[in-house]
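Each of the next two complexes has subunit A plus one other chain: subunit B in the first, subunit C in the second.
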Partner chain A sequence: MSVLDVVTQTRNKLRDVKFFVPFASASLAFVVGAIILGATGVDVGKAYTIMFEGAFGSAFGFGDVLLKTTSLLLTGLAVSVAFRCKQWNIGAEGQLYMGALGGTLVGISVVGLIPGLAIFLGIILSFIFGAVFALVPAVLKVKFGVNEVISTVLLNFVAFLFISFLLHGPIKAPGFNPYSPEIGNASQMPIIFPGTRLHAGIIVAALATVGVYYLWKTKIGFEIKSVGANIKAARYAGMNITKSVLVTLAISGGLAGIAGGMLVSGVQHVLIEGISPGYGFIAVIIALLGRQHPIGVAIVAFFFSVLMTGSETMYRSLGVPSAFSMTLQALVLVFVLVGQLFVVWLGKRKVGGAR
Partner chain B sequence: MKLAGETEAVIIGIIASGIRLATPVLFAGLGEKIAERSGILNLGIEGMMLMGAFGGFIGTYFTGNYVIGILLAMASAGILAVLKGFLSITIRTNQLAAGLAIWLLGTGLAALLYRLTFGVRTAAPSVELMPKIDIPGLSNLPGIGPILFNHDPLVYIGFLLVPLTYIFIFKTNLGLKIRTVGENPKQADALGVNVYKIRYLAVIVGGALAGIGGAYYSLVQTGYFLENITGGAGWIALALVIFGRWKSQWILVGALIFGMVDAFQLGLQALGTTLPYQFLLMLPYLIPIAVLVGLYKRTGAPAALATPYVRGER
Partner chain C sequence: MKGITIKFGDVVANNNVDFDLLKGEVHGLLGENGAGKTTLMSILYGLYQPNAGEIIVKGEKTTIKSPNDAMELGIAMVHQHFLLTPPHSVTENIIVGLKSRGLFLDLASAEKKILYLAEKYGLKIDPKATIADLAVGEQQRVEIIKALYRDIDILILDEPTSMLTPQEEKALFATLQSMVKQGLSIIFITHKLHEVMEASNRVTVLRGGKVVGTVKTSDSSESELAKMMVGRSIIESVEPKASAKNPAILQLKNVSALNNAKVKFLKDLSLELRKGEILGIAGVDGNGQAELAEVIAGLRKVQSGEIIMDNTAITNAAPRKIREWGLAYVPQDRLNTGLILDYSIAENLILDRWYKDEYSGKIFLKQEKMKEFAEKVVTDFEVKTPGINVPVNSLSGGNLQKVLMARELARNPKVLVVHNPTRGLDIGATEYIHKQLVKQRDNGVGVLMISLDLDEILTVCDRLAVIYEGKIVSVMDRRDANVDDIGLMMGGKVAVASEGKK
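Now for the complex of A and B:
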């Protein structure tokens, strides 16, 4: 056996290991989750069974899984597009809220329009609202060198407060609660599977996934990727860095905005203060785990949606708090980060041994 | 001149409360400064502060002893710091990703452990607020007394930490090691400094201080633990470190500006201003951004910040 054969063989073996490491890492997160639950006296077997049943045990449950996938996928794509350009947009949650506002404004003002057009307009305006809100940190970064991690995070709070202000005053519906008026029927996303809450937004999210996939094959997409991969080389190649950063964050904020708009048009039909349970924050984990690839993001978004839906059932039947799903998601990220390095380490060791 | 006296009392009240509001971000900012001086960027402060708020709360709730509460707050945040160190120093994952993971883990874990400990209750469990300590002789001084010398112990400790961290970083052997590791880890290694050990130490000290900052919210400001009780203070602390250009005295200035603005908006709310309170509440989040705009292109970051060190690699 020549040296080359040995190298090829180890590589193949390595590829197998590589494939399983993320799954093994994710499973370890569940083990740690079980330890935390077990330590506080929760029946772990029962808890995980209920979690699984909640997500897959009924049409309604599975519909909810896909419903949450819609939001997680869009926000996950939003963050992943930014990360691909090394723009650390941690503001997807705020951009989502601004998008929800954009969608609401269309929904309460164009009541008489034909349904298809009203929904389309709602999506467009929620994209624009999210994009413009993301352009604020983008401009601050390219003009004044303001670190976007900090500005995007802090602007989330500004968005929450701005929405709160509007819901307590300018766009408040009559009545006690700080809700906006209900959006018109024409702006409401149709339910695509009777007996569930699943609406046509999942199709929009799927289209966005395909769109991002093809974005990377366009000229601007290539420029964005190049800026992310090596900003000096991109500048040397004559690429317009400022334009790349602005376009990236506009697309990123816009996608998060659509997620918000569809929470109004597809689920609540009114704008409320706590319209998102933190989708924009969880999206950060999703983008990192999905390796900023649209297919990877889609898989992780679905998996996390199962966790979230299952956790809700766990809360209803066992009283396990909903924070469990966020803890589990963060643990998955930690273990997968460790797992990735394990693969690298394994590679070094094996190739070294073959020499 | 009764009116003038009242105005004076209001102003003194606002300044004193501004100092209290500055304290938690001061703790977290000074801690993060130490970590960043060693080259570790920690985006997980918010999560560490939340764990600190939780640890401080249960420690005090079950023992009635604030010292145990604070120690538990430091330990709870410190455990996350060890994990952050493991991810960023030992296995060298992307420091931003590691920090974000710590943030979300701390956020989820603090809320989860709180609910698992106390369950759902009609009345939220609470602890008595940490008592104030008057500095004898000084607290009765007109004006200055109530502003500076009539606070809870953590305020005094936080302000003492400003010179102490300065001396620690610039005048001690260990501080020199931390700075060298943050500026030029290769050189530090050549001089026989254990880069990994120093970085772990700096991250853990930073985490423990963030933990105290978090506990300030549950033990001094509210007496309760609430999900997301820190309200983004960890991120404000990060902005403070950049604003303060990694120097204790400027981090203090930044924290005081933040605290005063926050106290001012609370005061305006109490006075029943017609300005919608949401816009006032935005100020604490907008001011750090505005300050970073003002600092255009002036940095001073440690040269090896957010760069992992690999021993023996050229």
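Now for the complex of A and C:
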């Protein structure tokens, strides 16, 4: 048997383990979750049943699952594009808020337009708002070497406070609450399944998934992922690092921006302060667990929105605090990451001695 | 050691290996990279546990579970890469990890013992010196004394000469002789034949994890050992070509540049490479070789001076421009700079030309063209791979280097810079790479070969230059080259070398 055969065989075995481990890890997270639930005196079997039913038991519930998937998928893609270039964009939440602002501005100013065009314009402007906001840390990085982890995290708060300021003054609708005026009918995303809250945004998210999949087969995509895979090799091969960083963060921020715009055009129809329950932050987890692959991200986004939707039902029916949803998400993250380490460790044990 | 077998996954690194070391001998352990030499010695040193076999030390069967166990049995190992703390003194580095009585370290008596050992074995060292100030050869002495300090009987040296100048090498061999005279036994791991001939009493040759044989050095010859080691004879020397009349294709004029630590590292370096020649740059590692290659490739800023390639000034131009003007460059760090290990062969091959119309349309890469190119390279360069879409990290070192060379040569360059092109490769791959370089030369390309392996330079180059502390100290035709002089120049002794000629 040649060395090559050995290498391929070992790789094949590893692939099997790789496939199996994440599911086992996620299941373990549910086991630990059950222990926590049990310790608080909740009937675990009932709780998990209700959770499952909440997500899959009714058209409305499942519509909500897909609705949340839309936001989680777009932000998850946003973060994974950045991560593929090793740009640690932790600012998707802020970019989402800026995108929501962009969408709102279109929605309240182009009231008379035909629906399709108004929606299209809304999406474009939310992309641009998110992209430009993400370019701030990008420029800071390439010009002054400012670490993007810190700048993107901090810029989240700038976005929150800026939106808050606008909603309390310049774009506040008449009335008591700090809301923007309602966007025009033409700008509202149509509901695609009557009796649910699911709107056409899911189609946009699906298109974005396909788009990101093909992004890596484009000229610029190749440059971006090469810079991320190995910056030394990319520079040596004559690639433009500055351009890659800028383009990456613009795409990343833009995708998060679209997620924000559609929270306004598809769900709230007004801009409010807490429009996202932290989709842009959960997106980081989703990108990590989905290994920055669009399909992986889609699966994880769906799974997490099942978790979130189910937990809400659990809260309404059993009074299990909604914090449990976050606990479970965190447990899944920890277990799956440890599971990945386990796979790496297995790989080292098997291949390490080959040299 | 009897019947030692160790497996890593499905790979058998040592297969039923018998090895015996006599008291008071230098035993060479010879083999190509990957033959299992270091693995075998790591077992003796307690770093790995064998799957089968037994170890008998001084007549007693033992199991060695850790380096501590090995030390107790009087076995020590000096690794290829030193394990010293640069800011600490020699003494501190030597006594580190030893138990001491009382609250304070007894440095004075430790120094006394070090000086005694140094005297006894002829290892000149200042116990108070800081490691960072020492030359590589001196650091190695510290490692050896560190082992001797622990009252050992068996010393394992893993490729001890890989970083040394010829002179330091000679001094080391003398030390080995004095150590065996005092009753020590030494195992000397190497893949260099002449070292075994010079320094050892007996040799065990490993190939593919198995023992080919153990012979008395005096009863053997370099060519016989070479045959045992690779299964065939060694690399043939390439006939040098005269290039004096060829026009210059690459000129460096008083080039200065900083190293990564922002210290001026290239100092007014001047160099001329001609068309149709292979110019070798010899020198001890860390004398500006990497910086030299990088300034040419546009990867490092030139502080002052000028670089001209084929009548175009390329000083501080963008890497992509320089490449388009006719440079091909095979960096020494093929794993982390030359290639992207997670990428397929096809992707690695377009790393420098992905933007060209040939391989990409307005938006998308042309997957078909990439595939064609990859298949052509795999066939033309005889790359052993399960397919063009597997990540290159599953290829062996030689095949990786073939992929990298293929990409660079496909540029049809005017100038080809290669840095340690055959480091870590086996003889077959080395010969292949050398042939490619010669072919380029014969096609009129100017080839600049920077190599730490002086033998390689003397085998392939037409002319050679010696680099020392960021300067070219001498340039000569290979026909006029004298190994001893080059060795002295590599160690910075220019004056001595030229005096020697008179």
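What we mean here is this: the second predicted complex is superposed on the first by the 331 of 355 C-alpha atoms of A that agree within 3 Å, B and C clash if a C-alpha of one lies under 4 Å from a C-alpha of the other, contacts with A are read in each partner's own complex, and residues count from 1 in each chain.
As a working rule, a residue touches a chain if its C-beta (ideal position, glycine included) is under 8 Å from a C-beta of that chain, and two chains touch if they have at least 3 such contacts.
From a predicted model like this one, the values you see are computed outputs, not experimental measurements.
**Student:** Looking at the overlay, what does A:235 touch: subunit B (first), subunit C (second), both, or neither?
**Tutor:** second
**Student:** Quick one: classify A:222 as touching subunit B (first), subunit C (second), both or neither.
**Tutor:** Second partner only.
**Student:** Counting touched residues of subunit A, say whether subunit B or subunit C comes out ahead.
**Tutor:** Here the partner covering more residues of subunit A is B.
**Student:** Tell me the contact category for A:185 with respect to subunit B and subunit C: first, second, both or neither.
**Tutor:** It touches nothing on subunit B or subunit C.
**Student:** Quick one: is A:177 in contact with subunit B, with subunit C, with both, or with neither? Answer first, second, both or neither.
**Tutor:** After superposition on chain A, A:177 lies in contact with neither partner.
**Student:** Between subunit B and subunit C, which residues of subunit A are contacted by each of them?
**Tutor:** Common interface on subunit A, subunit B vs subunit C: nothing in common.
**Student:** Help me check something: in the complex, which residues belonging to subunit C touch subunit A?
**Tutor:** 6-11, 13, 34, 39, 297, 299, 318-321, 323, 329, 331, 333, 336-343, 347, 350-352, 354-355, 360, 363-365, 367, 384-386, 390, 394, 396
**Student:** Hey, which residues of subunit B end up touching subunit A in the complex?
**Tutor:** So the residues of subunit B in touch with subunit A come to 43, 83, 87, 91-93, 96-98, 100-101, 104-105, 107-113, 115-117, 119-120, 227, 231-232, 235-236, 238-239, 242, 276, 278-279, 281-282, 285-286, 288-289, 292-293, 296-297.
**Student:** Enumerate the contact residues on subunit A facing subunit C in the complex.
**Tutor:** Where subunit A meets subunit C, its residues are 1, 3-4, 6-11, 214, 217-219, 222-223, 226, 229-230, 232-240, 349-355.
**Student:** Where on subunit A is subunit B touching in the complex?
**Tutor:** Contacts found on subunit A: 36-37, 40, 42, 88, 90, 140, 144-147, 149-151, 153-158, 161-162, 164-165, 168-169, 281-282, 284-285, 288, 319-321, 323-331, 333-334, 337-338, 340-341.
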